[in-house]
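Structure provided below as structure tokens; questions to follow.
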Amino acid sequence: MLELDDLRIHFPLASGEVVKAVDGVTLKLAAGETVGLVGESGSGKSTIGKAALGLIPATSGAIRAGGEDVVGASAATLRRLRSRAQIIFQDPHASLNPRMTISRSVAEGLILNTPLRGRALRERVAELLARVGLPEQFLNRFPHELSGGQKQRACIARALALDPEVLVLDEPTSALDVSVQAQILTFLKELQAARPSMTSLFISHNLAVVRFLCQRVAVMYLGRIVEEGPVAEVFENPRHPYTRALLAAAPAPEANPRAKGPRVDYVELTGDIPSPVNTPPGCAFHTRCPVARKGICDVDRPADLDVGPRHRAACHFARDLEAA
Amino acid sequence: MSRLILKRLALTALMLLGLAVVTFTVANIAPGDPARLAAGPDATQEMVERIRVERGLDQPLPLRFAYYVSDLLTGDLGTSVYTGRPVAEDMATFLPATLELVLFAITLAIVFGIPLGVAAAVRQNKASDHLIRLIAVSGVALPMFWLGLMLQWYLALELDLFPLRGRLGVFSDVPPTITGMYTVDALLAGRLDTFAEALRHMLLPALALSLPALAAIIRVNRAEMLEVLGRDYVVNARAQGIGPGRIIGAYALKNAILPTLAMIGLRFGWMLGGTVLVEGVFDFPGIGLYAAKAAVSSDFEPIMAVTLALGAAFMLTNLVIDLLYAALDPRVRAQI
Amino acid sequence: VEKVDGKFWMVIGGRQAVSHVDPGQSYDYAIRMMTQALYDGLVKYEGDPPQVKPWLAESWETSEDGLTWTFHLAQNATFHNGDPVTAEAVVYSYQRVLNMNEGVAWMLSDVLKPENIKAVDAHTVEFTLDRPYAPFLSFLPWWFVVNPAQVEANVVDGDFGKAWLATNEAGSGPYTLEKFDQGTAYWLKRNPDYWKGFPYEDDAMGGIIYRLIRESSSQRASLLKGEADLVTDLTPEELDAVGARNEIEITSTPALTSFGFKMNTQGQHMSDVNLRKAVAYAFDYDSLIKIYNGQAKLQDSPFTDAIRGHVDVEGIPRQDLEKAKEYLAKSAWPEGGITLEFVYVQGLEQQRQMGLALLDSLKALNIELEMVPLTWPNMVARAADPAQSPDLMCIFATPVSTDPDAVAIQYHPSSHGKYYGSHFLDDAELNAMIMEARSLSEWSEREPIYAQIQARIVELQPEVFGMMRNRSFAHRDWVKGYADSPIRMTGEVDLYPLHIQAP
Amino acid sequence: MTDPLLSIRGLELAFDTFDGPYHAIGGVTLDLRPGEALGLVGETGCGKSVLTRAAFGLLPSPPARIVAGSVKLAGRELVGLPERDLRSIRGAEVAMIFQDPMTYLNPVFRVGTQLVDAIRAQSKGRIRKAEAKDIALAMLEKVHLPNPERQFRAYPHELSGGMRQRVLIAMALAAKPRLLIADEPTTALDVTIQAQILRLMGELVEDMGLTMIMISHDLGVVAQVCSRVAVMYAGQIVEDAPVERIFDAPSHPYTRGLLKALPHPFKPADSLASIPGSLPDLLHPPTGCRFAPRCPHAGPACVSGPVPFADLAPGHRAACRLHLEGGVLGGTGALAETA
Amino acid sequence: MSDAALSAAPAARRPMRFRETRRMAATYSRSISAMLGLALVVLFLATAAFGPMVAPFPEDAVGAVNFEAKLLPPSAEHPFGTDQVGNDIFSRVLFGARTTLQIGLTVTGIAILIGVPLGLIAGMTGGWVAETIMRVTDIFLSIPGLILAIAIVGALGPGILNAMVALSLVWWPGYVRLVQAKTLSLRNEVYVDAARALGAGPFRILFVHVLPNCLSPIVVKASMDMGMAILGAASLGFLGLGAQPPFPEWGAMIAQGRSYLPDWWWCAFFPGLAIYLTVLGFNLMGDGLRDVLDPRQR
């Protein structure tokens, strides 16, 4: 349903340098699947999400969403795409026009893409909002009169208005409190059940949330996917040192943090993420990697290695790490 | 760094060319006949025609613009009908006076504006804050020519505290011209009395001229200080136990001064424009008075020259401001 | 006033900058005031009524046919650098101006060829005119003699020494140029060795500073504070106010200047003589006097009082609404209902007030007035073309000589295109009379013709004849020797006799 | 038992707003003994930051106003203390580090300058510049900042987020304060960096014997560093217990709800329980238990008046009527049924 | 769907929108200076509207002369005294309000009409069009406005119409800057991305999402600019380049009254006071509006 093929997205800067936000990403989402995309800040997750909807032009590669070719698409194709693929952003407050009522914002997509008007439109909007748990009384409120969770529900209603086949969720809960996050996550889970054919790309840096919601997960580092596979597989048996470090760092609500996961002995990382302007040569992770070897990792860009059923990792030593 | 300055200078030159287009267009929409104007009231028709040909006024407009620009580059700014002298000479006489006045005025505005702004911010909503803000709003709203007149008549004539007009007393010797700025020249010549006198002459016009800038500086500085004082790094500094003197005087001020600096640059330009009003009131022989007189005499070459000169001065000021910005703010410096 | 090295320096506060001090280039009152002090002419105007007095020339005679004029120069006259003033210098100076064809050249250029000026001997100059020209002598006071040696030494690229003479002098006059501080002050040092001496005994007079004070209120303040000793161009109210003070004297003498609202006799409205008359009878003339607080006198002829041959013309219009309406009824707009354009000099407060007075008066005729202030150069430009010249135009006109021809010629087509010719009057009868009168040299023959001319002009009503404004100056009481002459330009003062008596 | 280092008693604080007083803190009582690391958790806006700032006079007043209560640091009353005295306490005795390391360093001053300034201020000027620099460098070393000499001369924007947080920690600890308040020190950081910082803090607590309050809304973060956890809700502390008991025997319905709402990275669950409803309007705070409107067990008694704490175990107390009225719910009771 | 409890919203505060307006009004009215500004502006508008009706000597404002009554000091009959042609200054000041209002409205109006569309275009399009607009704007902004205005009036000839044209010509670049900057930042707002994802075209984004959110700063700037334009027009009038007689314009009245200082101080004093109070009013009001509409800005 959503396919990225060797996607590259580069942003030229005023100084003449180039930010390689996405640098050769291949990812295929089957219909009905929810795939998590995790990685540190700046690794290019949002850029992929926006590019999938044609909101950012791709530098090279291909994107197919809902059966449409997004890269280099005509205006008409893009318009068709709008009703097939939708996106929900991280900050619900910023993604609603402060001067529009909630119902007006939710109606936007319907006005633009359907002939619904007047009473019918109003009823449809009310129905949509009711479905995400916002009763009548919120219809004519302005965004700042709603709580964060309520706003995010409105955003979800807006995205669902057009019955999209593909839904990109860009950290939909990271601006929310845990209790509100739980509400939204629950709702999304129910949505999965209610609409089994909908494909979702779930962007997050919260591993726990990904584990809860996704069937598959892809781990990004500096514009590249370093590991990808079924959620349980990747969490229980990670094959890339970066994934391991990420899992080791994930705080778990446990009294004894040492007892949190099956694999506690992963090395924690030192140092900072390199700038995406001058990505290190070879494996982008080698500057922080505990197992990196000179002459290999800083020279050769690792290829994807299959390490299990539908499980791949881009590390020269992915197969060796299995034992660990 | 120097590459940046060069780039900016090139941009400034380009902007000046654009400005020349604007002024040239403005001057040539004038309904009058420039040859006729230049010839003077008693001139015969032949004299007018001769001047027309001499000045190339019979040529098509684009060609004339080309001539105008090439003349500009050789420093020939034309001749003023009103003073009968080459504009370049007039400018050389009047520009230093104006620069001196405006520099003095902006100094006044800065020296008083920043502390007042800080004081108002620190004492937010206290009586002194209200008083300072009243000064600030009035400064913007008072017509400076009117204020100048009132100051002149009250302080200079009624109370006889200041000289009425001009740059120096009648019998004071003009200091030997080096920069053309009397105060500077007087200091260079070691003549303190002349220096003091020149300063006294500038005080009232500078006061009238600086009030709007003072007001603007107070407002911006106050707002910035208020904002900065609420910033996290100030909270952190306080949490570290650093005293209010250092927090206000260094930690907050250095951050707040940056937007104020931009405002100062803007105001410097406006002040240059304001001299048109204030120099007339105080009969201060500068470029503003020159422009005002030229304007009421439809004397275009001086106006064009003044516009270009002020534009150039303004752009250079902004360049300096940007460099100051870089000097004060390491983030900006990093981008250079 | 200030004592510098034991001598008094007098400060004159004037409004007009001195753009240069070259007697050959353009002139205005400030330039003339300076050149008059730095240079000598063959003759000089003095007194009231103004008379042409011998100066460098001690005597002169005219040939029978009125074509040749011979001048005998004073023997003792010297330039400031010590060179004697010779006939050669006079020839050089006149030829320079005629060849440059700038400034005062227009006064003589159509009757005098440069090659017809000859030095007969060291102290005799001879001018041969192309045709008899009675007013010839009356123009000579504005022609000054420069030192050829100094000028020639400073000629650059055949510029007649213009650049150098702009800020330097090469004269023989009572003052030398001490300092030329453009836009601020101009210092004239008294030349104690002036060949003609001074009309006062006192040797304490050091010099005169002409200080630029651009606003009348500042001028007045400077006078009150003693920063200036003599000021020009005060408003009538200011004159009254300062005159009330003991330490200040004001002088107010009639000027040669005439004033009128020139009407465009070739324009859409004003070509109708009845409308012109209607406007002339509707105007409230007394307001002119009131505007000047009494320091003015109504004109009773197109010629002002100081012009030779002036007569009071009977029937010159005064306000009479009955008559105004009668004339209006005869015009093309018997009901009024038109708007006339009234152009005046921007910033001249009195002209603005006159405009308001006219506007008020014309309401009685149901005529509206659109007041348009223009800069002087723009006004001059509009006055050059009958199609553009406005219905009414405020014009002060100061003739450069007291000869009646200087005024009469303003109503002749040869003046069309000049600001004072903005009425575009073209009357065959009048034209003939003007041409005849200027070619005669006997005053007794000319006089009756000029009386007729004045009457004819009034009849044609090319303008609303206004008033003669007094020339008014205010000075501190220690300023002595002030002598006015109506011939001088608006703010011009004869510096020669001025001196200071120790306060 | 040792005397508490910090003792807060019945602290009430309100912000005067346009709509009336906003009761951000409603009667907080809390003791902190030397050497303890207390985690303060709760949802956004529950008053964690306000509580800690109010205690040391760091809130702008107006609008903030302490309505009642006392704050004692080592026996010394802080409420009502003039700003001068508070200043001498801040930095020297109580140090703070904050959430967003990006904004808590002054962008136009060098890191070193700010460190030296802080160290000298903390010593009340007794330390000379050169000495302060030595201390600063030593501290930077201690927080494992690579290449301290160079970073000392750097401007904040030249440092990464993690490095900046290390600088801030160094700044806070330079004067060896008795109490460190860390207000969400890792929220703005990436997980891998967060892990580094948390480890550093755990290390410092152990090595230096620090007493610390760490604010977070992430129970997982608190679990890694703290020995004791206080849960806040709507301006009040609802439960206060050793860290193991919070996870093993959560007693307040709110704490339980919070734990049920958290997904776990290694223990996949099919569903999460969320707490219905939303925060009470603190302009008009409910009388009695502030959680009552959202509580599945609330009865009429809950809203009738203030709820006192019930001691459930040594060092474990919760403010809920369920535990007062005979411990009906005891262990996991009613909430489990609804889950 | 899951929990009905989700819908338990915070106790609905009733008419939400109205409450917001009330809050703004209350915030505004709590500021003494903002209220003073409002009062001055209302007074000024009332003067412009009704001044001519209450003026004791209405004919004096349209060019009557009365030399008998010239330069009389303030009295009961002439509260502000009379001028050099015997006109009642009070009446002229009252009439002047209308001239002034006309100038302020025209200049600000034209500037907005030119500046806002250009700013929107520059902000929305990018590329050489935007570059050209911004460079031209920069050129205009690089000269002190008054000087350029003087040059333009000098060229066109003095007069109130030309003065308004000149001021409008130098005023618009400020709006281009403001709107362009605002548009650029709004264009990158997440909600604009959301609208694009829903298929909104550039025009819809412009008119539905960008323009309405630009309005507050425009309103604030316009209210400040009313004052500034009035000041600019008065300056031109003072230089003799603005309104011409018998039009009563405050700046020109000061210029004429200037020669009569200090003995006849009232000629220059009262028109100046009128300018001051009017401009002060608009500035204070603008400040107040900014605090209400645009609290984050200065």
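Letters are used for the chains, namely A, B, C, D and E, taken in the order the chains are written, and counting of residues starts over at 1 for each.
We take it that a residue touches a chain if its C-beta (ideal position, glycine included) is under 8 Å from a C-beta of that chain, and two chains touch if they have at least 3 such contacts.
Quantities reported herein were computed from a predicted structural model and do not represent experimental measurements.
Between chain A and chain E, the least number of touching-chain steps is 1.
Where touching is counted per the definition, the chains common to chain C and chain E are B.
Looking at chain B and chain E, the chains that touch each of them are C, D. Across D-E and B-C, the chain pair carrying more C-beta contacts is B-C.
When you average the Cα atoms of each chain and compare centres, the chain farthest from chain D turns out to be C.
The geometric centre of chain B is 39 Å away from that of chain C, both derived from CA atoms.
Between chain B and chain D, the centres computed from C-alpha atoms are 54 Å apart.
Chain A and chain D have centres, each the mean of its CA atoms, that are 31 Å apart.
Among all residues of chain E, those that touch two or more other chains are 3, 6, 9-10, 157-158, 240, 258, 261. Shared contact sites, meaning residues of chain A that touch two or more other chains, fall at 147, 183, 186. Shown for chain B are the residues in touch with two or more other chains, namely 31, 157, 280, 296, 298. The full set of touching chain pairs reads A-D, A-E, B-C, B-D, B-E, C-E, D-E. Chain C contributes residues 215-217, 235, 237-238, 241, 287, 290-291, 346-347, 349, 352-353, 355-357, 359-360, 369, 371-374, 378 to its touches with chain E in the complex. Of all residues in chain E, only 63-65, 67, 70-71, 84-85, 157-159, 240, 244-246, 256, 258-261, 263-264 touch chain C in the complex they form.
Every residue of chain B that touches chain D in the complex is listed here, in rising order: 230-243, 246, 250-251, 254-255, 258, 328-331, 334. Taken in their complex, chain D has these residues touching chain A: 43-44, 146, 160-163, 190-196, 198-199, 217-221, 223-224, 243-244, 246-248, 257-266, 268-269, 271-275, 278. On chain E, the positions that touch chain B within their shared complex are 33, 135-136, 138-140, 142-148, 150-158, 227, 231, 234-235, 238-241, 251, 254, 258, 261-262, 265, 268-269, 272, 275-277, 279-280, 283-284, 287, 298.
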